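When the chains are written out, they are named A, B, C and D in that same order, and each has its own residue count from 1.
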Amino acid sequence: MSRELTLDPRVDLGRGLLLPNPVGVASGTFGYGFEFEHLVDIQRLGAIYTKGTTPLPRAGNAPPRVAETAAGMLNSIGLHNPGVEHVATAYAPRFAGWRVPVVVNVAAATVEEYVDCLRRLEIDGVAGIELNISCPNIANGLDFGRDAAAAGRLVQACRAATSRCLIVKLSPNVTDIGAVARAVEAAGADAVSAVNTYIGMKVNLGSGRPVLPGRGTGGLSGPAIKPLALAAVAAVRAAVSLPVVGVGGIAEPADALEFFVAGADAVQVGTANFTEPGAAIRVLDGVVAYAEAHRLGRLTELRAVPAPQPA
Amino acid sequence: MRRVPDRLRRSDLTRTVDERGEVVAVDELDGGLVELSARLPLLAERTLPGQFAQLRCGPGPVPLLRRPFSVAWVAGDVCAFVFERVGEGTRRLAALHRGDPLDSLGPLGTGFTLPPAAGRVLIVAGGLGCAPFPLAACWARRSGREVTVLSGAATAARLYPPERYRRGDGGISVIEATDDGSRGHRGLVTDLVEAHLDASVVALWACGPNPMLATLAGAIGRADAALLPSVAEASLEAPMGCGFGTCLGCALPVDDGDGRRWALCCTEGPVMPITAVDWERLRELPPAHVA
Amino acid sequence: MSRELTLDPRVDLGRGLLLPNPVGVASGTFGYGFEFEHLVDIQRLGAIYTKGTTPLPRAGNAPPRVAETAAGMLNSIGLHNPGVEHVATAYAPRFAGWRVPVVVNVAAATVEEYVDCLRRLEIDGVAGIELNISCPNIANGLDFGRDAAAAGRLVQACRAATSRCLIVKLSPNVTDIGAVARAVEAAGADAVSAVNTYIGMKVNLGSGRPVLPGRGTGGLSGPAIKPLALAAVAAVRAAVSLPVVGVGGIAEPADALEFFVAGADAVQVGTANFTEPGAAIRVLDGVVAYAEAHRLGRLTELRAVPAPQPA
Amino acid sequence: MRRVPDRLRRSDLTRTVDERGEVVAVDELDGGLVELSARLPLLAERTLPGQFAQLRCGPGPVPLLRRPFSVAWVAGDVCAFVFERVGEGTRRLAALHRGDPLDSLGPLGTGFTLPPAAGRVLIVAGGLGCAPFPLAACWARRSGREVTVLSGAATAARLYPPERYRRGDGGISVIEATDDGSRGHRGLVTDLVEAHLDASVVALWACGPNPMLATLAGAIGRADAALLPSVAEASLEAPMGCGFGTCLGCALPVDDGDGRRWALCCTEGPVMPITAVDWERLRELPPAHVA
């Protein structure tokens, strides 16, 4: 019996950003791709979402910056990054030579700073922008992401500043993630990604203080949050018609498939990159094999949209 | 004044490989030390003294992260790791059986530096800081250097066995110290440094608790310039998310040519010029360890 | 060397509810105590918080009602319970003979129903009321818990209806748990408990649907949520001066101690009861041993209040 | 018309104990079946045929929940469990070694009922539904009844070995069926029931996939009243959070004397009168299993 490939793996996130396949790597878990170049064939990825990039270089938070929890990890990196100028001049030219689309994740403190960053990134090598309005580890890092109106205003300004596909990364630390998603959709986002990390804490009984510095909290990621992220993606899916990029705890092909059922159009592998540099490629291969075995034309055929959640 | 170099180096990730090995033996040493050896041909071939591997400690998502361990020694295609049961990860590693799979990501990090000059290598190992030195001492000997290991621990039982340092090489001399005086010098291993840091020493390599390393850094700072070895390096620790420079989790305070900043323990370390580390700031940081 | 006991284990939750010790068992994870009578010495517990009790008996949701996730479990029980009348007539008289205080967890759909339940529970054997304004598994079950103003109005009405210690159980599925805590404090709550379960989902790839029925979501509990619950307790601690009962993922003595550092006055052991009926007693013994070893007079001496979180 | 009783019973939790046992053996049977035996003196002493235990499948929080397993047989202070590797929990149980600890909470649930009348007990076991029956068959024999086991599986290799059912008792006859005809009757084990459900049968006990049990319930419903055994019971499954009636997670649809309602598999089951189960509603429910 002859077996033809049925699957079209590409995912259109809008405004010209056509991912070659739906499995990308999450911001902050893959650097700018360079560390992985020798470990895996990064050109096979659906997309690389870069480390959160800020207007100026940031040294990051004092250590300890990571702590392990049950099936999860907390981080408080504090957006340690070389700044948008370095990314634009030193990294983007290298991205331009890659087959894998590179989406630059951008974080800033004010609307003006976001806009400036986006203007600076209107260059070759930047395939899209992921707007991080949800980083829990810098002061005010969550203001935009936790207020639908503020998020809408920010996205409106960013929309005017970039011709790139604009993906807004949503915070899960909200009462109604669907409302934030609707606000950024109305303001002109091309897609949303869900979710960023959950605010968590771990205590060091030896010191009698939280393990992480500052206010003691960090962002929880990893398998522990997968059920929460799935529910968030389902809620976002029910709220908007934009493409949704699902992220949270994906380590196996089956995890990614769960996100497609919950309503995702594409996914990102995050924390799993730390423990298995080839995780995203293995997830991709497994997802494609499943799709072929089930003769799917598109992964979105798996979707089973649950009823919208009450606000 | 002759100054030891304090520029941090960067690890070479082009040699790193994610490899599934097989456990050869789990040896219980005295004092709770465990020596785990596994067939890991690529790691064995590529690792440099002072480098480490990220070991997966179980199949499930608990423990989630791999754990960093220095490569203690290499014999053929077998690599060994030395550790103590301090938490879930080390408990699970210690419970492995011959034939079980063992996933290693490595070699990672910077290794120790051997300057071209002939002379002696002085090794200072405190507690589990012994781990990188069987391999490092053997490498220095093979490169024709004399090696002195100052080996300290809380008690005699917790000293890494000297014959395992030597691995049959008589040119490696081991001098011991214990906090309780149950073997060798009674007191800190750093007490022994002054007597052994003479002009013949071309490299000083250290690994152990931060206070020990800070004491050593102070001694280096105060030492007679003529006695300073051209290499003085310490291997440090930090909680690690990845081990290869991506999570940015393993920051350590340094003050090298680029000023006061955070360096990554996994790629700019774990072996750093001892004078490049900002020992004062490090002391003030909250403890990473959860007790 | 003579060693005196230093610890006073009692916890005053207000309005006459003095817990003999700080380790209780969480609502919905210990029934009404009867199943455990033969398995453990329930009289040693700090408190039993009963299964959520509603105005009328409820048959609960269709199965499957539970699903396991990484270091967690999802439940969608749907407040399966015999109703307040049965609890008042058949159970309360038995509670009255117990040394352990029984706090009845109450859930309802309207302010009037809550008030009626509380009136019915002004009887012997009911040591306190835990107001469940945060059950994610019934329609509208979260409306009160996710809106500070609505929560305040509900608590005000309940305050007038009961002379018992009124503990309000907060939902973590909100943008600002501190704001809800402040609202219920202002409305007359005696204490708050934090947290209830987190909204989560698991997908069955075989059926292509969520595992749990209805809208496919359930409440996540267990070790996976401990870091989130700790951060929530810290946020509540920073927001109000009421006693805080911490709950979420406690399975070991050290887990409970983390909650005291984060700001809890007492704790509840939940999901761990399912896998180890003696879990709460073991946690209690461990906490007391730790307090004695560290010569604590009160467990609240462990507290290390982190700076308040931004709203 | 003589009706089989359809009142659900409730389990007796006063006999339940949380016990740490020790693995005696892990036997690999054909077809992927695993027989795990462990020294669990209290469970061995107290368990009744058809009851189950909640076994902890690992030290960490993954897997989080215990897993329910029927007590397959008891010998002295040893209890055995029969299962297949279907997921993480069963994989970990199968990987245990002699001497490892095993935590059991049990006995739990209702057991099978043996009516006072003399006669034959007819057992219908499909696939892993074999698990409770070595113990149950042996108990019926010791109580002086003849026992016929109708044993079905997909293939010959997956049949629970008849000699293990008998455990040396010739009074237990085993008649087999396989889907592929590789041993015994080619077809479903329920095909064999009509031929064996004669007036001598005083009790029918069944365990297996829901469709098998539903077919059986239908046959009982349609059977000649004179042929109806006074006991017709099925052992059911549901995902379990606790196993002792507290989480309310293991609901199954029943229609007994109290009308259509949810019963708890762990305390009103797993053994229920076969006619008390609402098979139609059960079929319409979404699958509990995650494939």
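Methods note: contacts are C-beta pairs under 8 Å (C-beta built on N, C-alpha and C of every residue); 3 or more make two chains touch, one makes a residue touch a chain.
Given the structure is predicted, the values throughout are model-derived calculations rather than measurements.
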Open item on the list: So if I look at the partners of chain B and the partners of chain D, which chains show up in both lists?
Closed with: A, C
Task: Contact-richer chain pair (by C-beta pairs counted) among B-C and C-D - done: C-D
TODO: List the centre-to-centre spacing of chain A and chain D in whole Å, with centres computed as mean CA coordinates.
DONE: 47
Open item on the list: Centroid of chain A to centroid of chain C, CA atoms only: how many Å?
Closed with: 33
TODO: Please report how many Å separate the Cα centroid of chain C from that of chain D, as a whole number.
DONE: 36
Open item on the list: Please output the residue numbers of chain A that touch at least 2 other chains, ranges allowed.
Closed with: 69-72, 202, 205, 209, 222-224
Task: Numbers and ranges of chain D residues touching at least 2 other chains - done: 60-62
TODO: Based on the touch definition given at the start, go ahead and assign the chain network to line, ring, star, complete or other.
DONE: complete
Task: Residues of chain A that touch chain D when the two form their complex - done: 70-71
TODO: Please give the residue numbers of chain D that touch chain A in the complex, ascending.
DONE: 60-62
- [ ] Within their complex, state which residues of chain A touch chain C.
- [x] 69-72, 74, 139-140, 142-143, 146-147, 173-176, 198-203, 205, 208-210, 214-217, 220, 222-228, 230-231, 234, 249, 254, 257-258, 261-262, 302, 304, 306-307, 309-310
TODO: Under the touch definition given earlier, write down the residues of chain A that touch chain B in their complex.
DONE: 28-31, 35-36, 38-39, 51, 59-73, 75, 77, 80, 202, 204-207, 209, 211, 213, 222-224, 251, 271, 273-278
Task: Complex contacts: residues of chain B adjacent to chain A - done: 13-14, 16-18, 54, 56, 60-66, 105, 238-252, 261-262, 285-291
